Amino acid sequence: MKTDPKGVLVGSHYLSGNHACAEGALSAGCRFLSVYPIMPALEVSERFLARAKEVGATFIQMEDEISTLAAVLGASWTGKKSMTVTSGPGLSLMMENLGLGVMLETPCVIVDIQSVGPGLGLPNRPSQGDMMQARWGSHGDYEIIALAPSSPQEMFDFTIKAFNLSEHYRVPVAVMSDEYVAHLKEKVVIPPANKIEIEPRRYYEGPKDSYLPFKRDEDLVPRMVDIGEGYKFHVTGLTHDDRGYPIMNEECQEYNVHPLVWKIRNYVDNIIEVQEVHVEDAEVIIISYGATSRAALKAMEQARNSGIKVGSLKLDTVWPFPEKRVAELAKKVKAFAVPEMNFGQIVLEVERCSYGNANVFFVHHGEKGVENTDNILSAVKQAAQQNSVKDGIIECE
Amino acid sequence: MNLWRKPLDLQDIKVARGEIHIIKDLCKGCGFCVEYCPKDVLEISEEFNTKGYHPPYIKNPDECVECHLCEMLCPEFAIYVTLKEDNNVVKSASEEGGQ
Amino acid sequence: METLKTKKMKEVHPMEDVLRMNRIPHIWCPGCGIGLAVTAFAAALEKAKIDLNKVAIVSGIGCTGRVAGYIKLDSFHTTHGRAIAFATGIKVANPDLKVVVFSGDGDLISIGGNHFIHAARRNIDMLVVCVNNFIYAMTGGQVAPTTPLAAYATTCPFGSVEPPINIPYLADSSGAVYVARWTTLHIRRLTNSFIEALDKKGFSVVEVISPCPQYYSRINRLGDGLDMMKFYHDNTEIRHGEDTKNLDIGFQGKIIMGKFIDRERPSYTERFD
């Protein structure tokens, strides 16, 4: 399905990541935004609001981030594509309703502009400290999808992709950006509406009285209807059966919750996207995502110039994690270098998925500036010299 | 002492008659309907329902005036009243209006 | 007397149009008043002149949180305290819908207190039914923000030391356009209040004082549901238009009921357009 041209600001623009995100949302057909003011994410809502009237979108500023995501879930059930934007502390507050969104299988997009934590942290500096929280933050077993854009253009593209994935798999999708990308201004090309593919909502089409809100299709995703259409359905955040009625026993827990996981895990090959550069002959591969991959690519070029065979694996999709690809590469290379703007989150996944076949070097990135490649280069050099596989993650200075 | 004035058109007035339906298996025996029936139509029975509660039974079926109070005061949706089509029973005002 | 077996299958409750009869019997204890609040609400839905296809009901967590599951509307059982926030999203995204939030005092006033205040301030067009049983019943009788001073609960074995909140006063000062309070005994007035509030544009609050025989009454030795209903009969007073400041409820004290606020204010969606 092609998108509605009303929201698409066709042309080549000079936009910040946040503004590109708002444009991406409008292009994807997002017509409901609910926010609570937080730096450095608020430009998204400002841009969205400035354009809301002309595209017929609705906006509400709620009293906190808890209610923000609750409102997004409610709005999504009325048939409007819905989104919220936040930063670290806000994401923490949203975890409760993220779980509800997973349980009610409600399509929605959460854009997280990561800033430095913990606690109040450094609200105006970039970080990648929420990556594990996005995956595991809410209690219980679930899978979500998280994308990591590295430029304003990707903020635009990934926001659209996030809406498409959330509609297809009926799961909240997180766009894990950071302060650096959010405030970075670059050229963003917005294609015409007939070039933007969007995923339509998976509506139930059948007799009204036989609608079951959680009866799953073959790919384990149930069909939705809108509020106010006369279906009179019930959905609950408790463990429920196909009718959406709570059933309090272990069999139903298995019946209800296992598909929440499998509807993602069975289709990881369709979901996961990575960008690979020079991996064919690489001895060392830099695995990066988000803003860090800008420095990673630069470091790769510099290392290649000095004769080290380095490749780059950029994770566009961070969750679900591209396990298979990392495991394949681990057999071929000496080492992975994983630069992150945190104390080691995705590196844990890389280490797990290399199954002892390659060394894993963790690079604490960002202290000298996001674009600075010194730390990555020294890690790559160290990795290239190492000839035996060591246990665990190797920390680099 | 009866303080109620006798209406002049008493002969023309027909008092509605209701038929009470009890869904015994839904009853949890709270006794609200029995207590608040203005005509004392209902009483708790000795019998048990499938959940082990004592549902009410209709003691004076002819007394029901279809006020629906038992229906409204049942927290279990276990009792309801329908209008009796046969509307022959008319009583005098003194019998009818007495509290 | 007819026997159960012959009668059972034929019985069709007249409220089955608005109730999910296949879910009933419900989970509430014998003598609990939540069923009465639902009866009154179901009766109001039948009597109010609204398109039931366009009504959504949202509940939070707790005993009253289960209400959404028993009412045959588009119904949502959401996270603890977030029912109003969820309903706000529904109403703002589709202003054609009528939204009802049906939840308990702990859910709406304690964990969801902030959402309650701000939805009232924004005047989101919704009906909030707050069933007040003075205690957290589903978790086993803990002290609630509405527990009267000196009343017992499992988490205040020497009597509550926290002054309770006055829900109509909170709603009034936050900007609600319709505020009423009834007990479950005053079922017809409660039904009429629901009908009025469903017609009303704006944030309407109806507080329903309800017996909790299993926890509040048992811990405080107040008898069963029927005893509480008799207490409501003897200790309530109807004062329409009473200043909401005077509506505190003391332990076994007089309960003042009535319609306190009925005013006009433009709702959020009206202002947004």
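For clarity, chains are labelled A, B and C in written order, and residue numbers in each chain start from 1.
In this section, a contact is a pair of C-beta atoms (placed from the backbone, for glycine too) under 8 Å apart; a residue touches a chain by one contact, two chains touch by 3 or more.
Please read all numbers here as calculations on a predicted model, not as lab measurements.
Taken as a graph of touching chains, this assembly forms an open line, each chain in contact only with its neighbours along the path. Centrality by C-alpha centroid: the chain sitting nearest the overall protein C-alpha mean is C. Between the CA-based centres of chain A and chain C the separation comes to 39 Å, rounded to the whole angstrom.
Our note on geometry: chain B versus chain C, Cα centroid distance of 28 Å, whole angstroms. Once the centre of each chain is set as its mean CA position, chain A and chain B turn out to be 63 Å apart. Across the interface of their complex, chain C is touched by residues 31-32, 34, 58, 60, 62-64, 66-68, 70-80, 82, 96-97, 99-100, 104, 226-238, 245-246 of chain A.
Those residues of chain C that touch chain A in the shared complex are 20, 23, 52-54, 56, 58, 68-69, 72-79, 82, 84-90, 92-94, 96-97, 114-115, 117-118, 268, 272. Only residues 1, 4, 7-8, 11, 13-15, 19, 21, 24-26, 28-36, 38-40, 43, 184-185, 187-188, 191, 224-226, 229-230 of chain C touch chain B when the two sit together in their complex. Remark: chain B residues 21, 23-26, 28-32, 35-36, 45, 47, 49-51, 53, 57, 69, 71-77, 80, 82 touch chain C in the complex.
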